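The structures come next, written out as structure tokens.
Across the two complexes that follow, chain A remains constant while its partner is chain B and subsequently chain C.
Let's look at the complex of A and B:
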């Protein structure tokens, strides 16, 4: 591999680190290693960890304001707001949640919020939660965590092009293979599929790389930009667009991926939909019209560090029904960690 | 009466920088708008917890509908709201025996566990004895409160004694006893019910009456309309039976009562037309009814649980004339006349109001109503204080 290729691979590995973090944390939760404690994620961007969430409720603590409401599923019930605590607005809530954490995943930020996040992570450490810090090696926030790394005796973990530090117990659980443990990923996917906890298929590509295909209830991903839409989503239990045909979908992980979305109740062709991820405009790879609705196929780039993993869709006006809402009826994502 | 609209002692539990203690309330009632007695009772407790500095979450076991407007209203009232569809089988066995195991929905367990894992509750509060199995999902470090709303052990007997078909939930004493033992505290809404449960050997009973804040003062009546009596009730069997008996006793006097009797609520559909009886039907807001009357009537012949029709007029500055069954749970505080039955009630009405304008009798009743209200408030404040101290000792 020449130098530019190696640099590209390292960058990509860093961008997909949350896939591996999700696989590892989900395997911990599934094994019962978290006990009754709560897995907590410290982040400054809007993300999801769908595999961990299939095993346990997650407390999300945000160090930057967020403007969307997303949801979790409730057994036999209506979707409920995903617990996302704004640490600046509700510091006591954040502290209380951290006191009950058994695992604290820290997405080391790019921006100024690193000091606040490090202070929160220190509270998790005080509560004897296991810590796992992850991010791109270039992330500007790492410096703020130096004291915490010393205090918690956090150990570096092998994670390809990403930088990952973990409490001794977690580092031991990660073993020699580090975060990119293909065996762990394959075994976990098989267990979850057998238990019908997630519709995931994992294929080994080589010793350190996987191909994952995740089918997920889109209600877990839809993000509402207004209270009105959020309450309609809770009421109907569907991943709704708003009445003007605007919708936002959280991507599972920040990795580049292929997405297939089933758009239902659209009344006209949607080839001309406007689609954006971060600052990038995207065009669909294909749109297939079926009796179930329109299948939209997309090739999505990586979510840039420090950005929300939000895919925005704007349907043509004539595709939006007057007597109800369009929704996303199914969602499938395929990524390769190579 | 203690004002529960604003937290009075948050510092007890939530010193600066510390999160408030959390309470999970579990109910099948549509709480907003709280237009049923049981919803209002639950909101009374929600206000009470908030006044003690608690953050209150809701697990709504959806049996009374859910829509975006309700979702919005609940989100404004509660910290976190989870809604679970009811799948309780609710079998009723021959003889109208209901087993708690048949009425409890195990589908609530996972939702409650997940909410507790996320939010870490200090108190879990369930309503009605058949929700008590949910308390077993919480470890001993969580304080468990059961609001009974009513005594349901052999409740069917009260219906059959009145010649009615038993309605809703009635269980065995043994089943109810097991349910009560699951709670650290079981709230009784009436003093008599608290005594009955204590007599069955329960030592975790706390009496907490239902009182709402006063909305209107007790003032002299304006003379711009005739002296008016009123009854507001839903169309349940007890209300229909009570109103039918009361009106038949009035008509049996053979002379018309000189003052109008306004009837409102669902019971109107079951009330026969008669001289002097004005049927309003459903009223959107309670004050429109209470502002239109001078004296409330509660001619109950029986019934169970909350006696909201007896307490509610006192919130709107109106005296109440009630039979003894209508004043059950309040008799030790009651300063106004009470009547053994509807015969005695009609005797009183014709005696004091039959031939006169009734002004002096109304004046006397208004004074004793105000005194009753003060006694109720004092008792309520005392019981709230007792519950608050108990909670503080446990949380």
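Let's look at the complex of A and C:
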């Protein structure tokens, strides 16, 4: 591998670190290692960790304002707002959540909110939660965590192109294979599939690479930008677009992936939909029209560091029904780790 | 797939490479037939000079708007593209808001991405109603009204929270501006009247730069007079206007609050003694608000009464305003509209009658007569017509008046007013958290 290719692979590996963090944290939760404590994620962007969430409720603490309402599913009930706390607006709630944490995953941000996040992570450390710091090595916020790394004696963990530091207990659990433990991923997927906790299929590509296919209830991913849309999603329990045909979907991880979405109740061809992720406009790879709805196939680039993992779609006017809402009936994501 | 040149992996720069700040503008845009679209178009060249400018169009309207501005120094974005881009921390947002359905989409963004709000109508009640109807969320209306500090009597609220009936005064009193004031990082209003109503509607929201919400009163611009039209004669002929006629004009959309009945009665009185009088309703009829054509047929069954032109483009309207001897720019009730039709009528050089309420008294010109709302209104309108007939100006006088009004209008041109808008944006940036 030449130098530019190696640098590119390292960047890609760093961008998809959340896939591996999700696999590891889910395996911890599944093994009972988290006890009665809550896994808490400190982040400044809108993300989900679908595998961990299939094992345990997660507390999300945000150090930047967030503009969307997303949801979790309550058994036999309607979707409920996902527990996301704006640390600036509700510092007491953030502190209380951190006191309950047994595991604190810290997505190291760019410089802006790093100091605030480091202060929050210190509270988790005081509450004896295990810490795992992860991000790209270039993230500007690492410096703010220097004191915390010393105080918590956090240890570097092998994670490909990403930078990961963990409490001693976690570093031990990660073992020599580090974060990119293919065996752990394969075993976890098999266990979750057997227990019907997640519709995930993992294929080993080589010693350090996996291919994951995740089918997930789109209600867990849909994000509402307005009060009215959030109301309808909760009321109807569907992953809805708004009445103008505008919708947003959280991507399960930040990695480049293929997505296949079933768009229901569309009344015309949707090939001309506007699809945007970050600063990029995307064109569908294919649209298949069936009796169930339109299957939209997309090739998604990596979510850039510091950006929300949100895919935005706006449907053509004539595809939007006058008497109802379009929705996403099914969502499948296929990812190859690096 | 990911590549090193992939823009998706790089956050948009906080400031453009040329060092200019980024400004996102939410507004109805051409080719929409909307006065707010016409308004913002006049300022776009100046905004594009000072800012890295992006217009954010409503879903489904982006293509038409982009096609309207080929080769322009700004971009037109779809709502989805704007949201995906995530406005940079340093970027500013400008919302061009009026009380109509074309602005309803902005309510989805205005509270999440606070910015400077140009408030054209003091009451935004209708816009909020339309927004909820579009989203099939009428049940939230009572809650929104409560947010703005008002309580709808229980008899008027349906069980789901929607507004079953509208208490008569609600449209006038509950302006639905409080939530907007709360979110805004800056506010612009057009008149003293609008400002006072707005402050009343946002009674407990501290306004002003010291409170993080700079507020500026910047009048609606006045465009320079239209150049002489080569086909003016044909246009006038089409509407049956002869050289010797004394033309009375009611310009603009013929809505229910334009006091059309009072104008008809005053005209019918006056034309018995002045056979040269002609009355023309120069705009599109809103028959569900006031069926003016039907009323004309009743009052003049022989068909020799006033005429209704239907929708006119700006050029045709300017031709008629340039020919009118007297224009009626009346409104009651008024919600603080600033359509700009009053200065346009004055620019035509004829006399203009307007009301003495709302923001109308704030535009001053010797060509304007004010009438009071009340029982004596028809008498006042009749007196204005009689006064006109008694002293019809010579053509040379009219040309001189146009000249004077054109000079006066220069201080209200978009270019003259723009520095104040720029100053408001700068002030909003200064106080941003």
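The criterion applied here is as follows: the second predicted complex is superposed on the first by the 337 of 338 C-alpha atoms of A that agree within 3 Å, B and C clash if a C-alpha of one lies under 4 Å from a C-alpha of the other, contacts with A are read in each partner's own complex, and residues count from 1 in each chain.
The rule is short, and it goes like this: contacts are C-beta pairs under 8 Å (C-beta built on N, C-alpha and C of every residue); 3 or more make two chains touch, one makes a residue touch a chain.
Bear in mind the structure is a predicted one, so any value in this text is a computation, not a measurement.
Contact with neither chain B nor chain C is seen for A:137 once the two complexes are overlaid on the shared chain.
Taking chain A as the reference chain, the count of touched residues is higher for C when chain B and chain C are set side by side. After overlaying the two complexes on the shared chain, residue contacts for A:100 are found with chain B alone; chain C is out of touch. When both complexes are overlaid on chain A, the residue A:304 reaches chain C alone and has no touch with chain B. After overlaying the two complexes on the shared chain, residue contacts for A:232 are found with chain B and with chain C alike. Of the two partner chains, neither chain B nor chain C is touched by A:329. Of the two partner chains, chain B is the only one touched by A:75; chain C is not. In the superposed model, A:313 makes contact with chain C only, not with chain B. Once the two complexes are overlaid on the shared chain, A:36 sits against chain B while remaining clear of chain C. In the superposition on chain A, A:321 makes contact with neither chain B nor chain C. The interface of chain A with chain B overlaps its interface with chain C at residues 227-228, 231-232. Contacts from chain A toward chain B in the complex involve residues 36, 38, 56-57, 59, 74-78, 80-81, 83, 91-93, 95-97, 100, 227-228, 231-232, 234-235. Residue ranges of chain A in contact with chain C, taken from their complex: 4, 8, 11-12, 15, 67, 112, 225-229, 231-232, 242-246, 248, 256, 274-281, 299, 301-308, 310-317.
For chain C in complex with chain A, the residues that touch the partner chain are 1-2, 4, 6-12, 58-60, 62, 78-81, 83-86, 89, 105, 107-109, 112-113, 131-132, 134-137, 140. Of all residues in chain B, those touching chain A in their complex are 14, 17-20, 62, 66-69, 71-72, 75, 80-85, 87, 107, 110-111, 114, 117-120.
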